[in-house]
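This structure is in structure tokens; I'll ask about it shortly.
When the chains are written out, they are named A, B and C in that same order, and each has its own residue count from 1.
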Amino acid sequence: MVIVKRKELSLAEKLYLPEVLRGLSVTFRKMFEPKVTRQYPEEPLPKTEVTRGQPRLVVNEDDAIACVSCGLCEAACPAYAITIDGGETDRAIEREPKRFDIDMLRCILCGFCEEACPKDAIYMSDELELADYSREALIYDIEKLKRPKAALQKRIDYVNRINKRWQTPSST
Amino acid sequence: MADALFYVMAVAAVLAALGVVLAKNPMQCVLSLLASFFALAVIYLLAGFQFLAAAQILVYAGAILVLFLFTIMLLNLGNPGSEDPTDVRMFSRANAGLMVVVAAALLFVAALGVRRAGPLPVAASTPKTGLDPIPALAGEMFGRYLLPFEAISVLLLATAVAVVVLAKRDRRPNEGGRT
Amino acid sequence: MTTLEGFLIALAKTVVIFLGVVNVAALMTLAERKFSAWMQYRIGPNRVGPYGLLQPLADGVKFIFKEELTPAGANRFMFRAAPILAALPSMMTIAVIPFAPDIVIGGKNFGALTIADLDIGILYILALGGLAIYGVILGGWASNSKYSLLGSLRASAQMISYELTLILTILSVVVMSGSLNLREIVEAQSDITRWNAWNVHAMPQFVAFVLFVVATFAETNRHPFDFSECEPELVGGFHTEYSAMKWAMFYIGEYSAMTVMAALTVVLFLGGWSVPFWPDAPWYVGLAAMLAKTGCFLFLFLWVRWTLPRFRFDQLMRLGWKVFLPLALLNLVVTGAVVSLR
């Protein structure tokens, strides 16, 4: 059995009014302290390379994506947000996705696809805003997912740096 | 116009009073009573008794009727007839008799006081402008009519105490618990 | 002064005061959100108009266009009448509050800035103020919901309990100033050299003042006594089932009741329009003083709400009947004794 010992109140505390005044003074002082509110659309959140936004497909210097539709990201995705239909291509990589859809309403921004990708084709961008008038419009296809490499360069460098830290000599 | 308003209000007061008696739903009874009080207050105002009108609304509409409403909502008298008849066994004859005697005595004292003081010359003390000066009213109430006034107060207090005693009674554990 | 002229002056005063109160009530909704935000390190509404000043307007538009719902099994007539009954009394009580002394423009005296200079002003306020509770009770009862019913039950018990304290403290002031007319009460206080001048300032009615202010909080169902709408237990209390403009009516009633109570506190205890050490101040200074003092009390309403936790219902009742009522009664007896011995 737990016996709670209550604090014995002094007379001033029992009268309550002095304590009320004390509380009022606290709230009054707080009124003039700096505000923590962020005026969101005007003052967006600071974004760094660590920010894990929505996944995007990197468009390399040859104006094509590096994806070979191996399906590893599809398998890694815990939310089953990725759908890939593979196909052949005349390019040196021989295979490319005919369809690469990410359902942004299912995506949980976990970054597993980025980790799984063996061809450095998919990276987490710093884009976070997601709004549209229909569910269908939020299933992004390849065209909507494409981003030039320059836009994602900071994230790519960061991921490579982190990955290098965990690489053991034998695994390279 | 004042005359017309008086007749309208008089009819309204009577109709509302009828509503109190005839309405099936206790809530409607109380609201009819409220309407009746208001009509009465307006009639007081027309007769030039501002204080009486205000007191009527303040005491009856503002306090007593609210208590009625409170009780009705607590009892949940949604469908009349489903409640048990009030248990009257808790009135012991001796107590009830004693109470009646005391009440009668108090009423007698009040009546005696009023008789000794004689009727209040309302028409003379009230100016035609329709204002009842509060100091004059207070003077009458706490001077000439002090005894009946206090006797009625004691009677009301006795009633309140009696109600508390009656309500508390059947909760004593050694008397077989609640009824 | 002709009859027509007198009628026009009365009409002008009515319009000015009534519009003033309604607008203050609307602005109070904004002020409530602004001050609560500032006390919590936030900014508050600032999107509609400069500094969010048009927020009440946007709220009003929203209320008008919202869907009105009537719960099944509700008593339709009462359900509709209750919001009106809640809003009306507090708007009517403003009629006897004097806001400024005799207005003199261009050498012409237009009389004091009050709609009705009643000899029984205080009784009028108490009588009508006591009726505000019908809106709450009927609204809760007609909703056919247990939360609403519990909320209105609590509200009625609470308002009756604290009305006694309110009346007794007001009586102490009446005993000191010897009048039920609010204008005369202010005038009795305005002379700083007299012993009962500035009722609170000169300390004689300090107890009554504190009791009165606390009782106004209970009477207007404001924090920390807002049991009728105690959100964690009763959803929304008596207005749980209300929506759209009907719901807004309850709030208009609450905020105008706050405005009236704040003005009444100033009139009874803080000398109304009188300015300290400037006995013959012109009327516009008096009006400004009155509004400033009232504003302070309106701020107090908000300030307390965002500071104190809600009481428990039995604590409230115990406080009302076992502490406040005896204190107010004692204060009245002592005041009466002192006044009659002088």
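The working rule: a contact is a pair of C-beta atoms (placed from the backbone, for glycine too) under 8 Å apart; a residue touches a chain by one contact, two chains touch by 3 or more.
Please read all numbers here as calculations on a predicted model, not as lab measurements.
The touch graph of these protein chains is an open line. No other two chains have as many C-beta pairs in contact as B-C. Centre to centre, using the average C-alpha position, chain B and chain C are separated by 28 Å.
One finds 72 Å separating the Cα centroids of chain A and chain B. Chain C has its Cα centroid 51 Å from the Cα centroid of chain A. Only residues 75, 78, 118-120, 123-124, 126-131, 133-134, 137-138, 141, 149, 152-153, 156-157, 159-160, 163, 180 of chain C touch chain B when the two sit together in their complex.
By the touch criterion given at the top, residues 35, 37-43, 210, 303-304, 306-308 of chain C touch chain A in their complex.
Chain contact summary for the complex, chain B toward chain C: residues 27, 31, 34, 50-51, 54-55, 57-58, 61-63, 66-67, 69-70, 73-74, 131, 134.
Taken in their complex, chain A has these residues touching chain C: 17, 20, 23-24, 26-28, 30-37, 39.
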